[in-house]
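Next come two complexes built around chain A: one with chain B, the other with chain C.
Now for the complex of A and B:
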C-alpha cells in the first residue's frame, strides 16, 4: 500500500525544496513543524501531490501562536505546524492554493489577529459586531466575558460581491429564515429565476465554543462537544473523547467501542431518514416526507427506550460510554432493523417510480466531481460527487477495524445522488449495527480516567453522519483543557453549496440546500 | 403510483393508532391544548420558531411536532413563516450576540398580544454555553419570556406540555 509512501516521498520533496521539517508523532497523525515562511510553499507542493487540505486552527501559547493545518491523503493524516510571534503574527496564506482553507484562515484572522499575506479575501468571517476589530477572543489575554455592548448591533458594512447588468437583481435571505432552521444569511444575484451567484454569510450562531472549552475538565468538554452541532452529538462527542483518551494514553474497553459504533450508526440512520424526508418535502412530495419522518420518530423512540435519550446526547463519556445494551435491548434493535429495512424498501420502490419526484431532484444542484475535489468536500456530499472517502474505511478506528461494509458512492453529483447515497448509507449502517451487536462480549464499558501530563495533545478523526469529523485537544496542567478545536464536516461542505446552486432556479434553492444540509452551529462554533 | 397508495393504506393513520399508554397522555394533552386554544384564541394559534443560537438539537425536536405521531396541527397549533403572523415565538438556544438584534427585531415584528416560549436549557438559562463575549445566555436576558420549557433538548411531549402551560397561564 502506498499509504506510508506518500509522506515519505513528500518529505523527500520538501527536502529537495529546502523546506526543513521537524517530525514528531501524535496518535492518529504525524506532526510536522516547519518555518512560517514556508507555509504557502508547503501547500503548493502538497496540492501538486493531490494531498487534501483538511482543517486549520491556531493556539495562543505564551507569547507565541501555533498555527496548525491538517492534511490527508489515502487515510494518512499529517498535522502541519508553524510557530509565529504573537506580537506581529504574519505568514503566507495557504488559501491561495487551497480554496478550502479560505474561511478557516479568516476565522484565525478574526479570532487571533493573524495576518495571512496574499489571502484572496481579507474580509472578516466569524466576527460580526460582538467584539472590536483589534480584539481577538481566542488570545489568552481576552477575557471570556469580553466587553459586549448591551445590545450587539446587527452586522453591517460587510462587502458582498456585487453583480451588475441588465436584469440582474439581488435577493438577501436571512439570518432568520422561514422554516424551523438555523440562522444564516444568503445573498443571491439572479436574472429572472436563474441564480447567477450565491454568497453565504455565516457566523450568526457563533457562541464562543472554542473559548469556553478552555479550562474544562474532560467530562465537561465531552458535554460541550456533544453540543457543537446537536444533530452530530455522537460524532463530535466521540471525536473529542477519543482525542482526550489518546492524549491521556487511555484505551477504552472493547464493549465501549462497539457501543460507540452502534450509537454513531444510529445517529447516521436517524439523520439520513430525516434528510430524505426533508428533501422530498422541499419538492412538495408529502407522502415520502411523512413516511420518512414516521420512521425517524420510531427510531428515536427506540433510542429513548434503549439508551435513555432520543438524540443520544451525553452517552459517550471520556473513557467509554454511559450506557449499555441488555440482551433484550439487542433483540429489540435487531427486530427494529428488520422492520425498518422492509418498510424502507417498500417506500423506495414506491417513490423510485415517481416522475414528479424525478423531475425535481435529478440534475438539480449539480456539484461536479472536480469542484468537490478542489474544495475537499466530505461525507455524503463528496461521495455523491465521486469522492470515495470514508474515515471508517480509510483510517479505521475501533470498532470499524473489524467491520465489513461498503462505502456508498454515486457520481451524478445532483440532489438525487445525495438522496441515494443517504439511502445506501442507511443500509450499510443497519448492517454495521448488526455486526457490532454480534461482536458484543460481556465486559466493562468504562476505563478509569487518568490525568494526562500538561501539554499532551492529540488529533482524532471519526466519520460522523455528515462526514469526516475532527477534534484537536491539548491539555494544560491539572487535567484541564488548554485548547479544543472541533472541525465539523460542514466547514468543508458549505462552500460547495455556493457552487452547486449556480444556474439553478431560485425556487430550487431550498432543496439544494437541504441536500447538502450543512450545520450552521458546527460551522460558526 | 399504485405502490404509493398501497403504502399509504397499509401504513394507516398512525396519529390515531397510538396504543402505548404514553400516547394516550399525548392525546389527552393535545385535547386539553385544543380546548384552551378554542376558548382563548378562537380555534388556533400560530407559532414562529426562532433559532437564536441553538446547537440545532432543539430544532430537531420542534420539527418532530409535525411528524405524523404528534401532528400538532390537529390541535390548532400552526407554524408560520413570518413573525408578523405569529401569536407565539418559540425561541431556542442561548441568544448569540450575533443574533441579539435579529431576535429583538423579530420580537418587535410580532403583533400584540404575543407570548414568548423559551425552549430548551440554553434558552432557559444559557445551558452549556452560559453568558460570554459571544453569548447573551438565557432568552429572558434579551426579551420578556412567558414560559420556559426545560430539557436538552425537550422531547416533543415536553414541548406539548409546555405549550399547554402557556395556554393555561
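Now for the complex of A and C:
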C-alpha cells in the first residue's frame, strides 16, 4: 500500500462511519477537522489501521478551543482538529484507545480546563500548587506572569497507585536526586528487590514554554525553542524554525539546509557518546564512561571552535543558519571524524569483550516490540525494540532527501539493544556529516524573513537525536507567534519506562532509565 | 614496652587507612586515564567533614547519633587484633580471629540499625541488602580463616603468622583456595566493585552507601574512616597471613622499621591489583552476589578439604 493510499482509504472508512471530515492542507501534513463528538471514534478507527498517535495539544482562539491531535502512518502525517466551546469544553478521550495520548490529554486538561470524558486517569499532570483551582494558564485571559501566592502550598495530595500485600513496600525516589540530573519523581512498589510497579511523576521543570512563546517574534521563538531541552537544542530549534518558515512560505538556501544537517548530526553524536558512557557508568564500568566522556568533550570543543557554541545553541535561525563552515573547518571536521571512528572502534572492542558488562546490559529493561508499538515510542528507544521509524527516511526533508544512510535497528529491546542502536547511529551520523560536507556548495546561508499573514500555521517534523521532534506554530498578525507547541520525543518514550522496568530489580532501574534517557525539561515544557 | 608497641601499631593502622584509600583512588584514576587527586585527599576530606555541622533527621533516635562512634570503635578494636608490623604483640595474643569477625558483625549491626532508624526507603533498602550479603559473606570468611588456622592449629592470628613464617616458603593448596576465598569475601565486605560501587551517586544501586546516606559532618567522617580502616584491615589480613615475610618478629627499631616498610609495600601492590580488578569489571547484578559469595564459600570449603586430605596426614 503506497503512502498516499492509507489516507484515502481511511477517509473512505471515516465516511462509511458517518464521520464528516473537512480537509485542509498544511505544508508537512494534511489538516482534518471533525466534530468533537467523533473524537474518540476517529481514534478507534485509526488504531485499527495501525495509525500511530503522535502528539496532542490545544489552543485558545477567541472564545473557542482548538483541540489538536497528530497521527502518522508510513511517514504521512495527519493533523486532526476539533473545535469546542471554551465555556464548557468537553470531548471524548482518545487515551482510552491510545495510551500514549493519556499524559498529553491530562496536560490539556490542566492547562485549558478541557474535560476528556472517559479518560482513564483524571489526576492532574502539569498542574501545580501555584495555580488556583480554576486557573487555566494557557487560556488567553491568564496573565503571562501568573497570579502566584507569596508562598506556594506544598504538593501533598497526589494519589499514587498503591499496592498491598505481604512484603510490598514503596520507594519514593526524587524529585531531588544524588547525581546532577533533572528533577523527576519515581514511585516504586516493590517486593524485596523486584519492581511490581513504577509510577512517574514529572512536571517539576515546568517553565511555561508554551505561554511565554506567545507574542514572540520568529527570532525570539527560535531562541526559546533552543531551550525546550538543552541537549536537543538543535532539534527543537530546527523544528520550530522549519515550522515558521513553512508558515511564512520561505525556502532556505541549500547551504543552510546542509549546515543544519551537520549541526543536527553533530548533536546526535555528542549525545549518543555521552549516553553510551553513562550507561556503562550506571553499571560501574567506569573505564568506558571516562573514555566516552573524553570523546564527547573533544567533540564539543570542536563545536565551540568551529560553530562558536559547545552545544550549538542558537546556530539555527529563522530563514537559515547563523554560522558558516570555512574550507579549513571542513577539513578539521573530516579529520576529527577519522580520529573518532578509530578511537570509538577501540573502545567498542573492549566493551564487546567484557562479559561482566554483557551480563548487566543484556536482557535488562526489556521493552517488548508490541508495547513499544502501543505507546508509539520513537527514536532509539523504538528502534531498539524493532520499531523501524526514522523521520529522516520516512518523511525526508532538506538535506536528508539527498542523503543515503541506514536506519539503525535492533529487535532485542533490552538495554544492550539501546546501547548498540546508539553506536550504529553514531556511525550513520558520521557518514552523513561527510556527505553533507561533500555536498556543500558556495552560497548564502540566510534567506530574508517575510512576515506571514495572520493565522498561517504549520507543523514540522524533524528527527532530533532522541527521535521524532515536532513543532506546531501558528502566527498572529504583525509577525507574532500565537501558539507554539513543541513535542519532545520524551513525551512518547517516558511511559515506556514504566513498562520496561517491570520484572527488573530495583538496583537495575538506573541503567534502564539511562538507556531510555528521557528529557524532563522537554516533557514538562 | 610491648603494650606501647601494640598501641603504636593500632595508631599506625588508624592513621594509614586514609592513605591506602588515597593510593587506591590514585591507581584507579591512572587506569581510567584521569588525573588523580593528591594521595592525601582522603585526609583532607575527613578534616573537612569534621568541621561541618552534622545534620540529623528530625525523626532520628539516639541510635542514629551513637552508631558512628560504635562503628568506628569496633573497627579500631578489630584492628588491634590484626598484626600489622609485628607479631607476638599482647593485643593480638588476647583476642583471636573470631573476635575480629565479631567486631565487624557488631559494627555492621549498628550501622544497619542506624540505616533503619531514620525511616527513609534508602536506609532500609541498604540495611536489608547489607544483611543479606553479610549473612553469606561471614560463613565464607570463617571457612577461609579456619582453613588457615587448621594448619597452624590456632585461631590466633599472631601465632598463625608465626607458624607460616617458621614453615618457610612452601606451596599449600589449601592456602591458595583460602587466599582466593578471602579475596572474594574482602571485596564483598568492603563494598568494592563488582559487589558494590563506593563512588556511585545512584541511590537505588547502593548497598553500604544507602545505609549511610543520611549521615553528614563528623558522623560521616567517622563512618568513612571506619570503612577505610576496614579496607586496610582486609588488605593487611591477606598480606600478612599469606605473605608474612618482612613482619617484625623482634621489637628492635630496625625490625619494626622493616616491618612497616614491608606492609606498606605489600598493601601498595594489593591496591594496584584491586584497582585493576575494579577497572576491568562492571558491577554485578545484585542477585548474582549470592552466587559470588557461595563461590567464595566453596573455595573456603575446598581449601579445608585439601588441607585435610593433602596436608593434615603428613
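Just so we're on the same page, the second predicted complex is superposed on the first by the 524 of 525 C-alpha atoms of A that agree within 3 Å, B and C clash if a C-alpha of one lies under 4 Å from a C-alpha of the other, contacts with A are read in each partner's own complex, and residues count from 1 in each chain.
The definition used in the following text is that a residue touches a chain if its C-beta (ideal position, glycine included) is under 8 Å from a C-beta of that chain, and two chains touch if they have at least 3 such contacts.
Remember, it's a predicted structure, so these values are computed and weren't measured experimentally.
Contact with chain C, but none with chain B, is seen for A:286 once the two complexes are overlaid on the shared chain. Contacts of A:171 after superposition: chain C is touched, whereas chain B is not reached.
Look at A:510: by the touch rule set out above, it reaches chain C but stays clear of chain B.
When the shared chain is aligned, chain B comes close enough to touch A:297, but chain C does not.
Of the two partner chains placed by superposition, only chain C is touched by A:193; chain B is not. Chain A is touched at more residues by one of its partners, and among chain B and chain C that partner is B.
Of the two partner chains placed around the shared chain by superposition, chain C is the only one that A:356 touches, whereas chain B remains out of contact. Of the two partner chains, neither chain B nor chain C is touched by A:398. Residue contacts after overlaying the shared chain place A:179 against chain B and chain C alike. In the superposition on chain A, contact of A:128 is made with chain B only, not with chain C.
Touching of chain A by both chain B and chain C, each in its own complex, is seen for residues 178-179, 287, 290-291, 294, 354. On chain A, the positions that touch chain C within their shared complex are 169-173, 177-179, 193, 280, 282-287, 290-291, 294, 354, 356-357, 359-360, 364, 505-510. Touching chain B in their complex are the following residues of chain A: 128-131, 137, 142-148, 151-155, 175-176, 178-183, 203-209, 211-212, 223-224, 227-231, 233, 274, 287, 290-291, 293-294, 296-297, 300, 304, 310-311, 313, 346-347, 349-351, 353-354, 519-521, 524. Residues 1, 3-4, 6-8, 11, 14, 49-64, 66-69, 79, 81-83, 93-94, 96-102, 104, 106, 127-136, 152-153, 155 of chain B are the ones touching chain A in the complex. Within the complex, the chain C residues that touch chain A are 28, 31-34, 121-122, 124-125, 193-194, 197, 199-205, 213, 278-288.
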